[in-house]
Structures are given as structure tokens and as C-alpha cells.
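Pasting the structures here.
Below are two complexes that have chain A in common, paired first with chain B and then with chain C.
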Partner chain A sequence: MLHTVNKSSFERNSLQSCLNAIDDTSVILLIEDGVISAANNANSSMLSDLAAQGRVYALQGDVDARGISSKIADNIKLVDYAGFVDLVVEHGTAVSWV
Partner chain B sequence: MATKKFMYLNRKASYGTVYAIESLEVVLIAAAFEQDVSLAFIDDGVYQIVEGQNTDGIGMKNFSKTFHALGDYDINKLYVSAESLEERGLTADDLMPLVYEDEDDDWEEKPSVKVVSNAELSKIMSDQDVCLSF
Partner chain C sequence: MKFSIQINEGPYQHQASDTAYQFAKAAIAAGHEIFRVFFYHDGVNNASRFTVPPQDDRNVVNQWAELGIKNAEGEPELVVCVAAALRRGMLDESEASKNGVEGNNIHPAFRISGLGQLIEAGIQSDRLVVFGD
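After this line comes the complex of A and B, so read on.
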């Protein structure tokens, strides 16, 4: 499954809810204000564990818009919109944690 | 018209919701009415004035450039929460170098952005006539 999170973890608990519900094979894509959770200090240990397994992505355009491209935590993979589509195709069912 | 002290509290990042740009619109309106305006950036609002925003990839207007115009509207009191910056791994160096020209000091360029503690900010807030939160 593909889980998208579009809220900052400083503002809402959507990312935490997603992390609580995610299985061993799903991946997370951070979009819109969700990319704030991809920045170093905003990163939870659960998210960095998943990132170390190559299962966390962030949308490049949203990262650039917020001026935080130099702050993205290790192992989080940046994708463009085409990469977003690839993730949807690859992982089938998508859940949007709005 | 009497002048009042207006403070705008900016608490959200720029592009995920409309709060940031709406706040900026209202700030400019207050400035047009020659009110005493200050801005505070707290929580994710600090991302509004991070340097190097590039919105080419999301098809939205990069309105961060508008903050550079505030000095020309005599808006030169931009307070940023030190605690909010620190929580997010940001420092004053990550922020846009916003300035204004001080007419009382031979138009010398001076910084508009001031990083303050939450305690200082609450004092500044209590000194206002109106606080609007976005």
C-alpha cells in the first residue's frame, strides 16, 4: 500500500496515525505540508527507521517550495510527480491521511 | 483615523493552506490604512520566511518575495519565535534577510526580522490593541 501524508507533524497527528497503522511492506509519501516531517529535526524515530528501509518518499516540488531541500533527513527519497504516479502503480491501494 | 497596534500571528507554512497568503493580504490592507503593524511567526509559520523557496514544481505563486516589500509599507517589526525555529532545526541564517530603510537614521538599511523568545513575544503581544491569528 501507499500512504500519503499532507500535514506537518508539528500541526496534526496524521503522520503518527499513519505510522501506527502501517504494515511491513507499505511505503509513505510525504506531500504538501507533510514534507515538513521530512526535515531533520521534525523527523520521528519511527519515520527514520522506515526511511532506513527505503520506504519513505517526499515530493520534490513541495520540498523546494518550502525552501527545505538542504534539510531533508538521510534516506528519505525525493520523487517528482511522475515518481508519485510510479508509486501509485507499484503499490496499488493508496490511503490519504488528510 | 486613530492608529492602533495590530499584530498578525502567522502559525502555518505557506503553501499547504491559504492562511499564510491571506494573512499577508490583510497585513498589506492594514498598512494601507497606516496602522502600526507587527508580524509574529510562530510554530510552522516560521517556514513562511525561510530563504530559497522555489514553487516552480507545484504551480503556485511564490509569494515569499512579497515579504521583501513590507519595509516600503513601514512594516518593519517581524518577530520570529526562537523556540519554534529551534524545534524545526532552523536558525536565523535560514531566514530571508528582510530589511527596511530607517527614515529617522538617514535611510539606513536595517534588519526587519528579530528572533525573540516566546516569553518576549508574549510581552510584545500583550502590548497590542488587536491580535489576528492565521
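After this line comes the complex of A and C, so read on.
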């Protein structure tokens, strides 16, 4: 299953709620302010563990818009909108954590 | 693949409508079908035909309209939740006359309907993606 998170972990605990709830095959896509959690000084150990398994993505346009392109944590994969569509196709209807 | 989209936030106050639009455009470009876009809660404000943003800014309402999402009968499949719309002063001609209100503001590329349309979109589509809070 695909889980989108659209809030920074400095603003809400939706990313943590998502991390607590997802199963072993799910992937996370960080969008909008959610991409702030992809910065290398913001991520949680739970998120980096998941990223190490190749299961964390961030939306490129939102990363660029927030000026954190050079600070993305290791193993977090950047996708464009076409990549977002592909993730929904591959992993099924998205759960939106807000 | 058949996609439907739900948008819960208005234009210019939240990124949801912009993200959803870019997603819809990318899905269409990849050869997928957008079965329906359902505008719920403050998302109904995306359907105002009176939106006039500055010339150097994107026009969110027109962008949606220009995607031309319609069904086989030619009806728009940009669907606005009736209860959410009426309580926010978003009315089409028929709702305006039914409720004794002068004027109407729903863009012709959108139509007002009920929550059942969201449920149907969930059933008829392969994927339903929700944007907004």
C-alpha cells in the first residue's frame, strides 16, 4: 500500500502515526510540507530504516520549492508527478496522512 | 488504469488542489483515465466561476476546467458536493432557484451532486487518491 504524508514532522505527528501503522510491504511518499521530513537533519530512525529498505519517496517539485534539494537524507528516492502516478499504480489506492 | 481524485481544500489556501491537478495531468499524460474528481469540504471553492487571480498567477479553477474531465454523455466529471457547496454559498442555477437565491457561481465545467458520487467513484475506479487535510 502507498501512504502519502503532507505535513512536516515539526508541525504534526502524522508521519509518526503513519510509521506506527504501516505494514512490512507499504511505501511512504512525502508530499507538500511532508518533504521537510526528508531533510537529513529531520528524519527519524524509523524513517531512515524504512528508507534503507528503499521504501521512502519524496516529491521532487515540493523538495525544490522548499530549498532542501541538497539536504535530502540518504536512500530517500525523489520522484516527479509521473513517478507519483506510477507509485499509485504499483502500490494501490493511497492512504493520505494529514 | 481508472483514477478518481478527492480534493478537500480550496484553491490558494492549501497546496492540495495544485498537487491534485499536477497528479491528474501526469496521470492523463501517462495514458490513464480520470473517472471523476470530487470536491468536498472547502474543496468546493475550486468550482467558482468568479475566481479572478492576478494575471501572473495560475488560475486554479480554469486549469481544472481545461482538463475537460467528462463522462461518455458529455457531463462534467468535476463533481462538487452539494451539502458542502450550499453551506459555503456555492450554487448552480438549479440550486439557486430551488433555494430562492439570486445568481449562481458554479463554473460550467463542474457540476453539483451528492456524496453518493464519491462512493461510486471509489467503486468504479481502480484507484482513489485523496488530497488535502
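The rule we apply is simple: the second predicted complex is superposed on the first by the 98 of 98 C-alpha atoms of A that agree within 3 Å, B and C clash if a C-alpha of one lies under 4 Å from a C-alpha of the other, contacts with A are read in each partner's own complex, and residues count from 1 in each chain.
By definition in this document, a residue touches a chain if its C-beta (ideal position, glycine included) is under 8 Å from a C-beta of that chain, and two chains touch if they have at least 3 such contacts.
Remember, it's a predicted structure, so these values are computed and weren't measured experimentally.
Using the contact criterion defined above for the overlaid structures, shared-chain residue A:85 touches chain C, although it does not reach chain B. By the touch criterion defined above, A:98 reaches chain C but does not reach chain B.
In the superposition on chain A, A:71 makes contact with chain B only, while chain C stays out of contact range.
Once the two complexes are overlaid on the shared chain, A:61 sits against chain B and chain C alike. When the two structures are aligned on the shared chain, A:11 is found in touch with chain B, with no touch to chain C. In the superposed model, A:32 lies in contact with both chain B and chain C.
Look at A:40: by the touch rule set out above, it reaches chain B but stays clear of chain C. Annotation: chain A residues 6, 32-33, 61-62, 80 touch chain B in one complex and chain C in the other. The touching residues of chain A, when paired with chain B in their complex, are 6-8, 10-11, 32-33, 36, 39-42, 60-62, 64-69, 71, 80. Of all residues in chain A, those touching chain C in their complex are 4, 6, 31-33, 59, 61-62, 80-82, 84-86, 88-89, 92-94, 96, 98. Residues of chain C touching chain A in their complex: 1, 3, 15-16, 19, 22-23, 25-27, 29-30, 32, 127-133. Residue ranges of chain B in contact with chain A, taken from their complex: 12-17, 43-44, 47, 50-58, 60, 62, 64, 87-90, 94.
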